[in-house]
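Alright, structures below, take your time with them.
Here come two complexes built around subunit A, the first alongside subunit B, the second alongside subunit C.
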Partner chain A sequence: MTGFIDLYTEASTFLHRMDPRVKIVAVATLSLLALITSHLVYLLVLAAVMVVLILFGRASYKKTMLAFSYVFRVMALIVVLWPLFDPRGTPVLFGFGPIRITEPGILAGIATAARIFCLAAAWYLLMFTTSQRDLVRGLVKMGLRFDFGLSLAMSLRFLPTFSAIVESIKDAQRARGLELDKGNLRKRARDYVAVLVPTVITALKMADTLSLALQSRAYGARTDRTYMRELKMRAGDYVALLIAVAVFAIPATAKYIFSIPL
Partner chain B sequence: MASVSMESQTPPKTVGAKPAKFVSPWTVALYAVLTALTTAVTMTLVIPLPTRGYFNIGDAMVFFSAFTFGWRAGMICGGIGSAMADLLLGFGFFAPITLVAKGSEGLVAGILGRTYKGATWAKILGIWAGGSCMVTTYFVGEWILYGFGNAALELPLNVGQVLFGGLIGLTLSQAISRYRNPNPKTT
Partner chain C sequence: MIPRVPASVDQDKIISVHGLKFVYDGGVQALAGLNLDVRRGDYLAIVGGNGSGKTTLAKNLNGLLRPTSGSVIINGTSTSELTVAELAKVIGYAFQNPDHQLFCSSVVEEVRFGPLNLGYSEAEVAKKTELSIEAMDLSAVKDQPPFSLTLGERRRVSIASVMAMDPQVFILDEPTTGLDARETDDLMDSIDRLNLDGHTVVLITHDMKLVAKHAKRVVVMSEGRIVLDSDPGGVFTDLELLLRSKLVPPPVSQLAHRLSSLGVPREVLSPEELVFHLMSGRGARR
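Our next item is the complex of A and B:
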């Protein structure tokens, strides 16, 4: 959990070549699909599809495990805790006072864990197949104001720098005898302030320099923005967009208009 | 250091072009830096817990941005910075909830904390109100996603995190305001 990680994995699969806008839409529709599905079997099928997609995207094993380590922990907790707070259902397996462990409760817990896996996998698919630059470009093309897009791109660029600055200031203060992992909460808070004050001062100085750099490069001088790299939707992107919308629209219609339980 | 303003400057007119609105370069630079700082602090300065997960002090940066640079900075930098940390840590599905939780925290803390010329009690009020926004949003979001048990388990953790982060953010904003020159024209 120290330092900075970029989930993006370089490769040239169809997922990497897909237009970032299509991928953003697909993540939204897949998340909604996972949220409206509540039957365990369908959720497991969806999870299997996600795993296949991750394999198609040639994700690196190490990064995937790193990204999913927290998700797996949350899933385990859901499987354990859900039945304790869900006393519905008839086949009671175990009862003690107000706590009733039932079979539907356990199944609902597993279904929720599977849903969390689907959600995490959908977002992980976006993050590991899209470079941060493409992501910002896609957002700007989808209607984000370009100055906020520029701000976002700059903050993504400075993220590793600031992580390194925080780490080195932490080490510098440790060398002066600061003990970050000791003492009560008040003392710890003061210790963290000793790390954060130099960090913030460095960052604000950097912001000054950055604003000068922006002005010297004539930021905002032209009212008509031109882009060096334009995003173009190819035929495959339209097909992918259609699939992404259909994957949500068909089950949603089935559930809410024809009231087929999902 | 120039004061932060979100006023749009009027760029020179170009014939036949759609006029683009933009904020001042200082605002772009400051927001970029504060967002990156919030994300970096959320991801790097973590206190590992023996039982589960981690305890981060990203809230300190949200409160600091809100108290020092106003509610817009608190909302945008706090919300987007924290959501970005979630995205980069593989918790992407949680990013929308974080965006709302931390964004509202920065918004409320920024509005309340700067009343009465940023008196300490106003800032404490801001931390209390903003913190309750964040804790409530997280509780509701986790209840929907994870179920009641997990949300209830996470609740004291979030309360502790927001109190600890608020304490750091308060001290930090007071320490930084001593270094910043409130009126640059006089020197």
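Our next item is the complex of A and C:
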């Protein structure tokens, strides 16, 4: 039983205090940066910067390892498989029939693994330094419709509740002699219907109750919303925003306008 | 270490729990070493405040949870040697929320699901299904989708679906929560019948009136331990212990307490008994 984990890690570092809007922009620019460069050295430098930022954010070791356990597996797979399917370039290090392991192939594999790491790390930086509330607040301030933001916040809020319900439903069906994860794929798919149907019905009932609860507290009575907490950009936030945009804008200009390969 | 079953197994003992401790993944200790023997035909109520470990104990009995230490022996075999499906043949468990298990498009299909899983033949499944539907008074709605039924009926469906697996023991987790007085009475009548037919019933509940009226034996749990194990009359005389276990005795017992100076015994469990003692005892003499 694993259940859902909230990546947010309580702390008071500059990353936690940064305006969520700036962080959302930074995730976008850092991700794009990782996508437009394919040079191994640049990607490794970017990956190193990410690691330093994660350390500055005082991430919890346990949660980080949990969040990255799948990423690491995918990276390992890429490093192993990439050279096998990318026979371009010289020198050839190993050749047997159609298999040609080349040095550029190996380096490209490592570079791609580093890129995957950078993409994951960028998102992780946002998720572990920003509470769900702030994240939604930021998105709404950036133009997301408020009701969409509220739906998002509520779905995040209900994820743990929901995973507990799914566990309870699984238990209830096991007590009726259902052996999940046993037998062939068809039997398993059929067995999961016994879990899926009560889950969906419970979810719909919960949603119904929730919408009544919202309405009974006069949700949507005013069209001009006021907010309990307004986000306010501080000097540091502007500096961070400038850096976040610059780290993408400068290499992008170099690559696409001045045709400097990256 | 699994304690071996002694050669002379007590044939009447259907559940035997020794030094059972259970700690959840997060490190919360829910059961702090408890012993419990349940005999065939017992009508046992497990009572205790929220978080006292009632449901954790029940889940340890049908193998959904395995002891952190200690042992649970069902019919002479340790649960650590049995799968949940194998245990389901002996221990039937109806969950608190029936909506967590109903998924079929008719009551009949729902009730069939359990015995089918256990590998009974078509004829046996049909027979068990019909008997259970009748026993739970569901014949009138047997072709309707379970989700269209009232909560009381859905509870019955969930109990019928357990009954169809033909278990020797019924564990019923808060079966009357959310039911009105009439639905509660009807449901408890059906449960009493199960016990009269020789089934062992384990009732998990908060409702002391229910306990006073139906159970033959009461186990009081508090902080993962059994603090009292007695017949209902005996349990309700120990007010202090009940309060410490976050329980309040049924009104009739409270009244009997206050009237004890008039010669009313504290073990009184029903209004009829109370009236009887008031009329015949010193109370009637003024």
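Methods note: the second predicted complex is superposed on the first by the 261 of 262 C-alpha atoms of A that agree within 3 Å, B and C clash if a C-alpha of one lies under 4 Å from a C-alpha of the other, contacts with A are read in each partner's own complex, and residues count from 1 in each chain.
The criterion applied here is as follows: a contact is a pair of C-beta atoms (placed from the backbone, for glycine too) under 8 Å apart; a residue touches a chain by one contact, two chains touch by 3 or more.
Please read these numbers as outputs of a predicted model, since none were measured by experiment.
**Student:** With both complexes superposed on chain A, which partner does A:L33 reach: first (subunit B), second (subunit C), both or neither?
**Tutor:** neither
**Student:** Which partner chains sit in contact with A:F68 here, subunit B, subunit C, both or neither? Use first/second/both/neither.
**Tutor:** first
**Student:** In the superposed arrangement, does A:S168 touch subunit B (first), subunit C (second), both or neither?
**Tutor:** After superposing on A, A:S168 lies in contact with subunit C but is clear of subunit B.
**Student:** Which holds for A:T112: it touches subunit B only (first), subunit C only (second), both, or neither?
**Tutor:** A:T112 sits against subunit B, while subunit C stays out of touch.
**Student:** By the touch definition at the top of the document, which applies to A:V136: first (subunit B), second (subunit C), both, or neither?
**Tutor:** A:V136 contacts neither subunit B nor subunit C.
**Student:** More residues of subunit A are touched by which chain, subunit B or subunit C?
**Tutor:** Tallying touched residues of subunit A, the top partner is B.
**Student:** Should A:V197 be classified as contacting the first partner (subunit B), the second (subunit C), both, or neither?
**Tutor:** both
**Student:** May I ask you to decide whether A:M206 touches subunit B, subunit C, both, or neither, giving the answer as first, second, both or neither?
**Tutor:** First partner only, subunit B.
**Student:** Looking at the overlay, what does A:V25 touch: subunit B (first), subunit C (second), both, or neither?
**Tutor:** neither
**Student:** Once the structures are superposed on A, label A:L214 by its partner contacts, choosing first (subunit B), second (subunit C), both or neither.
**Tutor:** The answer is first: A:L214 touches subunit B but not subunit C.
**Student:** Touching subunit B in one complex and subunit C in the other: list those residues of subunit A.
**Tutor:** Overlap of subunit B and subunit C footprints on subunit A: residues 1, 165, 193, 196-197, 201.
**Student:** Provide the residue numbers of subunit A that touch subunit B in the complex, in ascending order.
**Tutor:** Residues in contact with subunit B: 1-7, 27, 31, 66-71, 73-74, 77-78, 81-82, 84-86, 109, 112, 115-116, 119-120, 122-124, 126-127, 145-148, 150-152, 154-156, 158-159, 161-163, 165-167, 170, 181, 185-186, 188-190, 192-193, 195-197, 199-201, 203-204, 206-208, 210-211, 214-215, 219-225.
**Student:** For a test of understanding, state which residues of subunit A touch subunit C in their complex under the given definition.
**Tutor:** 1, 165, 168-169, 171-179, 193-194, 196-198, 201-202, 205
**Student:** Write out the stretch or stretches of subunit C touching subunit A in their complex.
**Tutor:** 25, 59, 62, 64, 83-85, 88-89, 92-93, 95, 97, 99-103, 113-114, 117-118, 147, 161-162, 165
**Student:** Inside the complex, what are the residues of subunit B that reach subunit A?
**Tutor:** Subunit B residues touching subunit A: 1, 9, 11-14, 17-26, 28-37, 39-41, 43-48, 52-54, 57, 60-61, 64, 80-81, 84, 87-93, 95, 145-150, 152-153, 164, 167-168, 171-172, 175-176, 179.
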